[in-house]
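Here chain A shows up in two complexes: once beside chain B, once beside chain C.
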Partner chain A sequence: MPPGAVRALCLGAALAVLAALPWWMANPYYVNIASQILFWAVFALALNVLVGYAGLTSLGHAGLFGMAGYTAGLMLAAGAGHAAAIVAALLATLATTAIFALLALRATGIGFLMITLALGQILWGIAYRWASLTNGDNGVKLADRPAPLGLHLSSPDAFYLATFAVFLLCLASMRLFVRSPFGASVRGTRDQPRRMRTLGYNVWLVRFLAFLFSGFWTGVAGLLFVYYNQFISPQVVALQTSAEVLLMVISGGVGTLFGPVAGAAIVVVMKNVASAYVERWNMVLGIIFVLIIVFMPEGLVPGAARLVRRGYRGLRAGSGPAAAEAAASPGTAGR
Partner chain B sequence: MLFWLLLAVNSITMGGLLFLLSAGFSLIFGLMRIPNLMHGSFFMLGAYLGATFLARGMNFWAAALLSAAAMVVIGGLIERFLLRRLAGQDLAQVLLTLGLSFVVADLCLMVWTGDPIQPPTPPGLAGAFRAFGMFFPIFRLAIVAIAVVVAVALWLMIERTRLGAMIRAGVDDPAIARVMGIKVSQLFTLIFCLGAGLAAFAGVIGAPYLSIYPGLDADMLPLALIIVILGGAGSLAGALLGSFIIGFLYNFGQALFPDLAYVILFLPMLLILVLRPQGLFGRVG
Partner chain C sequence: MARSALSLRNVDACYGDSHVLHGVSFELAEGRLLGLLGRNGAGKSTCMNVVVGLLGARAGEVELFGEAVTRYPPERIAACGVSLVPQGRRVFRTLTVRENLAVAARRPRRTGAAPWTEERVFEMFPRLSERRNQTAGLLSGGEQQMLAIGRALMGNPRVLLMDEPSEGLAPQIVADVGRIIGRLKADGLSIVLVEQNLKLTLELADDVVIINTGRVAFRGSAAEVAADHALVAQNLGIF
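Our next item is the complex of A and B:
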């Protein structure tokens, strides 16, 4: 059997096991954890479009995530139906993303990071301070989850299946994106923006569209988040959320399809395990962040994949794939 | 009338504090090319340390200087042993400072708990004096005076000394500065220590006015960020002007449009980004 087929078979088996999770996992606590992993994975995949493939590190994505959650929550509180709330949330997120992109894409690298950080803080400030609109620190509660196709999502199992379906769609769209000419041009603007410009590509437009794509899935993840918790507060919009999802992308491996998924699983599991034993999740988050950046900047998934493919000896050869991975490491991606 | 004057006095005080905070941030950003996302943490940790020294009965100014000295050492260790390992990888360095800022925030919460601390105003400066038919709090004017003294001292150092010339060379072109025999990496350590110390000093003298609470770091960092985007990286004049602009916007915004205070704060930054991306006094975009 060719290696591609083995890979596809393994992937299919893994997805089948995940799809059947409610039937072999009796404890609803773990089903809920699995749902969390999946919607954080959607968020991490969305951020990875920018961080990994476009080489633009955003620290403002929590703002977009919160925009979707708050819009849906406030629409529902105002008496709108679920369909209207979801559509409005996605449109609002896309519009905000466009504004983010217009301002932040005046720069790349560190400048981009600073502008997105500042924009994210504006949205946090609105969620926190504009109490007459957002209910301030008390947050917004959602009375109910939706019932698409007559299937009510109130039980953990039903919500997990719906989240899994959305996650599959997201993964498929990411795969399509990576393999498409558009995905190739996004990677081109990351590695060789000047050459891309000379070849006649509109580098700004390519980055803008990548940002919109990222913003769309961030909005979807925000919707899943707000329906899962049936509650959203300014804490969700804070810089810490942006940092957490960035940690998922980086720990899993930037610019890979499954890295962010693995990263989301690692961070969510760690967060739940850590909070069972220690009060200090923030400190754990910070320390892991520092350790990964200092000792394993390429992330866990590319590191492991490289070891499987070549063994230790191939490490120093630095031929094609290794060089490509090096280009995707966070140290050089922003340049 | 009184309301406006008081608001203006508060704005100028805030501007002075913000200058002490952002001068170091701007120099670090100009020289090392990274926004130090720990800068708010230096401010908060410095303030907490100072409050602890004060609670032990130490003199206010001695506590401020000791806290600044402690932060100089901590800043030096971070630069020398963590940031230096990642030399040349600016993005990794930024994320490192972000990770450390979470650690510091949680450490402070653990040691000093979540209750806000408001150290008393130093005894000699507690009152107010009367001029033009109104009262001016002396301590707030003292903060402004200190900021002015620090600004002049920094300006003299940057513009008039050999060290300052080396720093300016490093800001303009680190590669050529290295070729000319300037040890730019030593300058990195020096500036990082200086910035950390100034931030801690600002934290202590600002504490009686702002009070110290968890999240103070996350409140101050974006302000430093906007000031540097406004004024231009590595420019002291830019940091000074930016600090007072933000000082005024912060206080007038809070007083007049409390709901939208944050939006108002960020508007000039957006304007600058669109019209003059290198900042008011920045040289390169």
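Our next item is the complex of A and C:
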């Protein structure tokens, strides 16, 4: 069987197992953790569009995430229906993203990072201080989850399945994006912006559209988050959320399709499972990140792919590990 | 006299405070190949950067088929039909060969010459075709040069600028690149060839411009340069 078919088969099997999770995972606690992993993965995939493919590191995405959550929460509190709240939340997030992009895309690199950080903090300040609108530190509660197609999402299983469907859509759109000419042009602006201009691209516009794409999926993740918790508070909008998602992307593998998913899984599992056994779970998470940086600086997914390939070639050729490493191609990892 | 494809008139350019080009003027006629010669640091690449708009001209005019493009941003100049094969190749290393070509694709401006497509580029560079799904960073230097040329062609240019395409390549590959440039010229493309390789340039060029410390030192035919050893020694030789 060709390696491509093997990969497709493995991926299909993994997705089937994940789709069936509510049936083999009896404990609703773990089903809920799986839901969390999936919507954090959607968030991390969204951030990865900018960090990984456009080469623009944002520390303000928690603001966009919170924008979606707060808009939906406040609309519902004001008596709107779920459909109206969701559409309004996505539109508000896209509009905010456009403003973010207009201001932040005046710079790249550290400048871009600082502007997005500042913009994120402004939204956090609004959520925290504009108490008459946002209810301040007390946050906004949601009375109910929606019931799309007559399936009420109040049970952990139903919510998991809905989240999984959204996650699949997100993953498919990311794959489509990466493979498309537009995705190639985004990566081109990351690698050689001047070259892209001489090829006739408006680099600013390419980055702006990538930012909007990233903002859209961040908004979707924010909606899943707020419906999962049925609650949102300024803490979600804080810098720590932005940093955490950035860590998911970097530890999993920047600019790869499955890296952000793996990163989200590690962080969520650490937060929920390890904290039950180890009081200083933050330290455990820190140690894991240090180990990833030391042994797989390119991230978990490309790093693991490299090790597997090395082992596979060593096995096949029967040659020493040095020769296999020389044959392993660093540039194609995790693509 | 054929129509002017590209002309520079009294172009001055600076990097910050350092004045690099001093009143540079030359003209590329349609369908011809102009060799731009000069030592390291003479200002050849700077001329190319001014033409594609990456560096603004402090004074003077750049015209494409009679249209003044001096103040245009790079993307607009590209849309006017200028493609650059940059010095040092500068392919997109993390993109595959096919993606490098796809990113550069641009619809041809007019009918007439057959438009460049991925298939046509692969036909011209069979080696690239074999490696089409390879990441460009893993190609050899010669292959990357082929890809840089192919990428420029995908823009269906009216004027092709090539900045030292023979730089750092093995003699065998330089000969291949030379043959390809000859074919493009035979197809009727207007080409500016920036080179340090005198022999390659004189084989290919119709007209030659020699730049010395930011000024045009000579403007004439390739045959004149080939015959004038003193000119070559003064402006290109190493003392």
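Quick notes
The rule we apply is simple: the second predicted complex is superposed on the first by the 287 of 335 C-alpha atoms of A that agree within 3 Å, B and C clash if a C-alpha of one lies under 4 Å from a C-alpha of the other, contacts with A are read in each partner's own complex, and residues count from 1 in each chain.
Just so we're on the same page, a residue touches a chain if its C-beta (ideal position, glycine included) is under 8 Å from a C-beta of that chain, and two chains touch if they have at least 3 such contacts.
All figures in this text were calculated on a predicted structure; none of them were measured in a lab.
Put simply, more of the residues of chain A are touched by B, taking chain B and chain C as the two choices.
Of the two partner chains, chain B is the only one that A:Arg280 touches; chain C does not reach it. In the superposed model, A:Tyr201 makes contact with chain C only, not with chain B.
In the superposed pair of complexes, A:Leu176 makes contact with neither chain B nor chain C. Residue contacts after overlaying the shared chain place A:Asp191 against chain C, while chain B stays out of touching range. Touch criterion met: A:Ala118 reaches chain B, while chain C stays clear of it.
Within the superposed three-chain model, A:Ala83 lies out of touch with both chain B and chain C [touch as defined at top]. In the superposition on chain A, A:Ala13 makes contact with neither chain B nor chain C.
Chain A residues in contact with chain B (one complex) as well as with chain C (other complex) are 331-332, 335. Here chain A touches chain C in the complex through residues 181, 184-185, 187-188, 191-192, 194-203, 255, 329, 331-332, 335, going by the rule given at the top. Chain contact summary for the complex, chain A toward chain B: residues 57, 59, 103, 106-107, 109-111, 113-115, 117-119, 121-122, 124-126, 128-133, 238-240, 243, 246, 250, 280, 282-283, 285-290, 293-294, 297, 330-335.
Considering their complex, residues 52-54, 73-75, 77-79, 82-84, 86, 90, 92-95, 99, 102-106, 135, 137-138, 151, 155 of chain C touch chain A.
Chain B contributes residues 33-35, 82, 85-86, 88-92, 94-96, 98-103, 105-107, 109-110, 218, 222, 225-226, 229, 258-263, 265-266, 269-270, 273-274, 277 to its touches with chain A in the complex.
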